[in-house]
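Next up: the structures, one after another.
Shared between the two complexes below is chain A, which has chain B as its partner in the first and chain C in the second.
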Partner chain A sequence: MFAPQTPKERVEAIQAGHRVLAEVHYERQPVTKGYAGRTLHVDVSANQISIKPVDDWMRNTFIGGRGFDLWLLWNAVTGSTRWDSPENEIVISSGPIGGITQYPGTGKSIAAAISPLTGTVIDSNVGGYFGPLLKFAGFDAIELQGIAGEEIIVFLDGNQGLIQILAAPEESVNSNLLAEEMVAVFGKTPQEKQGVTSVSAGVGSEHTLIGCLNFSFWDPRRQLARLKQAGRGGIGTVLRNKRVKALVVKYVGLKGDSNGPADLSLIQRTGATMHREIYERDPIMFTMRLDGTNHLTRIMNDYDILPVHNFRYGAHPEAHHIYSENFQKYFDYSSPDGCWYGCTLACAKVATGLELRTGPLKGQSVTVDGPEYETVAGIGANCGIWDAHAVLEANYYCDAYGIDTISFGTGVAFVMECFEEGILSKDTTGGLDLHFGNGGAMLELLHQMGRGEGFGLVVGQGIRRMKKIFAEQYGANPAFLQDIGMEAKGLEYSEYVTKESLAQQGGYGLANKGPQHDEAWLIFMDAVNNQIPTFEDKAEALHYFPMWRTWFGINGLCKLPWNDVEPGDNRARYRGIEAAKVPEHVQNYVNLFTAVTGRADVKTGDDLVRLSEVVYNFQRLFNLKMGFGTRQHDAIPYRSAGPVTDAEYESRAERYDAQLRSQVGIDPTGLSTTEKRLALRRHREAQYETLIDAVYARRGWDENGIPTLQTARSLGLDTPEIVRLIGQHATGAA
Partner chain B sequence: MISVNDKWEVQWSPGVTIQEVLTALGFTHAVVVVSVNGLLVLPADFDTHVVADGDSVKVIHIIGGG
Partner chain C sequence: MKVLVTNDQLCIGCRLCEDVCSHAWYKEISRGKSSIHIGSLGNASWAMAACNQCGKCIEICPTQALSRDKAGVVRLKKDLCVGCLSCVGFCPTLTMYFHPDHVEPIKCISCGLCAKECPAGALSIEELQG
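So, the complex of A and B:
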């Protein structure tokens, strides 16, 4: 891995290249009730390091994690800041509960920045040790601002109370190498190695706009650095634009009470109950401990929700080749796989001994984290590649190069459809045959992103820019590209077909960051269970669930232990949407929040949601500040709502014909496929607009999607700047 | 006719069971809660619980999803 040098020589070379550009000593304070009480600001343009206090208003209003990220970023940028502006920041924070070890899913970090894909604020959550260890090293968040004059790393030693900006000419750029280099350089003992965590990207982040951040943690049993990804929105691209190779935190001394909770006993009791539930229920529910999130692939295919051939279809006869059992043979089950201490759900799978067939490491045997469902569905099903090995290999290189697997998979699916439609040809793809199913071509696109050459660079611009390029340079029909280009707000869709779920169309289209499923996942509740049949029902779900899921992001938590396992009596005790909230688990989170923070004003799940509403609405206003955040930006590509082509219509003609009769009031007899398809389209597009109206009203927004002044006031967000912002844009009376 | 989730209809036939209704609709997901006319049916009884013509069946799929 370090050839041609020995590992020792490699470490010495890296250390010899280090030159201190700035240095600050600080006195680490113990974390109290989930907060370190300070944030760290690093300006790599000016080589300045500063420490800021967390005041009561910031803590009580934004809570932490994504909330802190948004507030700090808001204060760093203006409406004219672009992703590559020096003032743009990458902000990373965990949250007050983040870092406890007694409950599953408590080690998340949330990263935020102005996105190169969307032009506005993006947030992305990720496992690994960085966020929690950053807090225990003394800081609730880190802001990385500026553009360095040379390649650097930022190193923070929580035990020594030392922060350094170091010239880093010798380090690798790609995370697969760099993460292990950082452990080797800064971790001398086994304990120290476990205390070293880094954030990095890769050369693919330099060459594309879909770069991801890799957050590392040291796996002592396998003696290797594992990587988890903050994938969405191109934050890795921002990191490399800043000429930062890595952010490194070192902290040794993690204990069960490092988070300084107000009531450790309550946390322990709540955690013990949850751990038992997972051991008992996971094997008979979703087998997360065995398969990770890829258990979903079979279910999505069975229910016509798995994206196939650029979201044209929801199922495929060959899909069984990428079901979870096909990956089990690659997984190393020799030890539990959590991405933070104490996670019994342990969904982070690791594939070992994967022999690479392509690329710069061809022939080498490597270890890769995952794959997650989104990667399997995006790179596999959506591109028609029914080959588990190819998916794993793409997963490995995406991580190594710092490429988001979701934007990559959805982007490649888009160009494959363009190729099959004759919009692209081998003349325009540099000779690549991009028919669906060509795994070799998919991998070559990825390597081109790594090398910075060829058609891979075009794909790496993301779908929104590709649509413009294909229309302007290749004469493609812009309306058709808009229909089939699966992006909204500039962000590529994650991997669910939403044609039969109006609520999930809204879940994607109305998401603050763009179409990512972590705000709302309502497909089964809506399209299969039929639990939210009216617009009012859907609007209520599109209020509650995005707010509730936001709560995980402001506290440093993973959402999986909330509803990817349920108490055995949940559905007997509760019905409908109440059961979907998993009330017993909501109470667990009330316990955790109050036990950590000691806040006596939070007593119920509704109180938790209220905390999220503040942050959620603030993010909507942040979009407004950046020139977005209005109704026109909540538009979705039509393929998200229905069949774009006659072939798609015909593939589910019985279903669509029945809907024309029952929902539209049209007898399809004697109509051509095109006539039927257009009639269905008019209906579904109108339905989406009606849904938006209902959701805006429920959320306290005006008809243009802007939070009213009354809403801002009720949430305590009526600062002079926000009042001015709303006043400039509002279309209705406050 | 059997109504399922107030959305689908399955042709009734004498002796049709819950499991046969699930199969007819392609409902393969193993983690479901089923009720007939508001009364829960345990999974162990899916193969033997006979559905009457005109019954209203609710099949709630439990899945956390993305």
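So, the complex of A and C:
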């Protein structure tokens, strides 16, 4: 990780190592109504670069972002493609709204690939400048395919109209160094530095299956490259498997109308109003500008849904040590902290002067973005590590090594429980004491992932593979591992306890990519406010909200400005689930979409949902194509639905006893804890199946979770290939 | 710092200042492009709104397009501005403006042209402590 040269020497060494393996010149066309109209395909096996048009059907059907990713990836892979197959791609796209500057949260990129964790398509939403600058450089998406014969970078200069595949032997691998190297090599002036953005991973991505992508942006005030993560599903692992160190885009000349909107005035009015709302409301709502997403830790603990000790519990007396106020002393509040221009919600916190206590940079003072709530909850609470510094240090090294903090936190929590249960011992962990709360051991696991050695390599395989290893090699009970291993579809859970919210159990279990909360977050609506009491209510919520949240990903947007700040009169004007939709903000998004694209056929929030319903169902069908996407793959570990152990039952005994009486019709008096726990389990598992039936019906899927032909037709997805796919798998098919 | 100081009590609502401002900077009489705005409060009384050079917008700008010059006036470097309008939303006095004809916001730089033309003496350029 160390670079012994001076910065100037380093740049010269990197440049001297560059050798052009392929090169294409192109004429950049201005973006029109949110689209560049072309996509870029880079095959690093054959060193071929090609430019493809975006046709009307692709634009109108898949919109952009995650939609474009899915469509391009669908055409690149077959049902037998594995994550490390050369034909697997990393596809990155922003979306038609992505890159406007006037509204908060409008600079997102969405990355997709066949995942090493799930074996099917994964998508991950990330900040930083790459996606928007890629579009302004001339491309709505980039497909990276093949496996390079040597270490390379892909460089795209939008101002020069130049695309190169460069041999890159001298660049660092780890993102903490590489992102700054790319700015130093390709950006000379202050404006150029802001115009250079890269996508990279790290050595941890090489050694594990939980690698993340780091998307960079240059911070002109602090004079450093900041990193945002496309964390989920191991896309960083795919990047390093391709022997690609970085994708680099350079584009200088961004202006407020670079996106070529149909109606700039409407965007300006909508944006300025929203900025004002944040100015007035954020300080008295969620303090995102002060604390970032970690403001949630206190709330989650208060509501008993903060994951503690591998999701056993929902709260802990020591949790206050990792509340946001304990991180404020690390944060530098000297400048705006959006991850794209104009994001006044500014949740991206910057911890400066962090003195590292472990690892290859021990003793050095570093800067790290974050931590996000998921990192604090996963690495902190879920592992019982009530130490803000340890969380920040893990956050730094996860980013540097290219490791997803969520899969890492949930994975470490799992092995800590296995250690406490006697499934693992110091003999099997290489001497590591993995009791809950051991921050040093947690960090050592991380460094082992960086070095490619020890038990860290096992943890880096992800929970699904660990369950198999522990059962086969250590004689662990597979059923118990299945109960406590918090993964579904092969992806580690993000950080919310869902035991008391049936709807959110579905929100996680039915999520296309695996249990990530970006599809649905219904815990308050369901378990706290009881606004969706019936199965039909929950199914409706599990239709609307996943579709609605998908919409952000197909347009290059962040979800946070939708409901992490609300108009002052939202709760007075609307009630219940309608208030949760934040109608005024939905209208803002109607404004933005129509003002960018000029599409006259989109007039309401329901029209927006209809757009993403197409993409959502296509992703479900993509899972089917890859051998998943059916009911059995929507199964969830019981830990997410109820108490696995007697101790968990006892921790909420009053609540569970009452539920046995009122919901199950069993008098718990005189029953042992185990008897009560098993009775509750039978009830809850049956409820989950009933929920799935209701959701499938609402979504227009058959009882096996496959979109019906009628549904596909109604969404315009009845291509011959899809019709054939549905026919092969539909219930009753031969 | 050099600040355009307004006196609502003296304003007669002629709005000449808006015309002077837009003409000076955009070569047209277009009140929407003025960096001073006059609003009616009824009963022949008027509210004047112009930047007081407080500088809060400097902090919110993501591109360092806003900075204070030697006279203490907050000025916009249009070549650096990406038109995000964060400064508009976060202006404490709501005196950073925008117009759909222009990507960048519209801001008073205490040039004093409006003060020279004001027939009621309601405007003046003054040196205030920052």
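Here is the rule we use: the second predicted complex is superposed on the first by the 728 of 734 C-alpha atoms of A that agree within 3 Å, B and C clash if a C-alpha of one lies under 4 Å from a C-alpha of the other, contacts with A are read in each partner's own complex, and residues count from 1 in each chain.
Note that in this section contacts are C-beta pairs under 8 Å (C-beta built on N, C-alpha and C of every residue); 3 or more make two chains touch, one makes a residue touch a chain.
These figures come from a predicted structure and were not determined experimentally.
Overlaying the two complexes via chain A leaves chain B and chain C side by side, clear of any clash. After overlaying the two complexes on the shared chain, residue contacts for A:Thr101 are found with chain C alone; chain B is out of touch. Once the two complexes are overlaid on the shared chain, A:Ala13 sits clear of chain B and of chain C alike. In the superposition on chain A, no contact is made by A:Ile577 with either chain B or chain C. By the touch criterion stated above, A:Asp564 is placed in contact with chain B alone, chain C being left untouched. Of the two partner chains placed by the overlay, only chain C lies in contact with A:Gln268; chain B stays clear of it. Taking the C-alpha centre of chain A as the vertex, the lines to the centres of chain B and chain C open to an angle of 70 degrees, rounded to the nearest 10.
By the touch criterion defined above, A:Ala730 lies against neither chain B nor chain C after alignment on the C-alpha atoms of chain A.
Of the two partner chains placed around the shared chain by superposition, chain B is the only one that A:Tyr303 touches, whereas chain C remains out of contact. Taking every C-alpha atom of chain B against every C-alpha atom of chain C, the smallest gap after superposition is 22 Å. Partner chain C is touched in their complex by these residues of chain A: 101-102, 191, 194, 220-221, 254-257, 264-265, 268, 271-279, 335-336, 338, 341-342, 344.
On the chain B side of its complex with chain A, the touching residues are 5-7, 26, 28-29, 31, 33, 40, 59-66. Against chain A, the residues of chain C that register as touching in their complex are 59-64, 80-86, 88-90, 98, 100, 103-104. Chain A makes touch with chain B in their complex at residues 284-286, 296, 299, 302-303, 373-374, 494, 496, 517-518, 521, 523-524, 528-531, 533, 559-560, 562-566, 571-572, 579.
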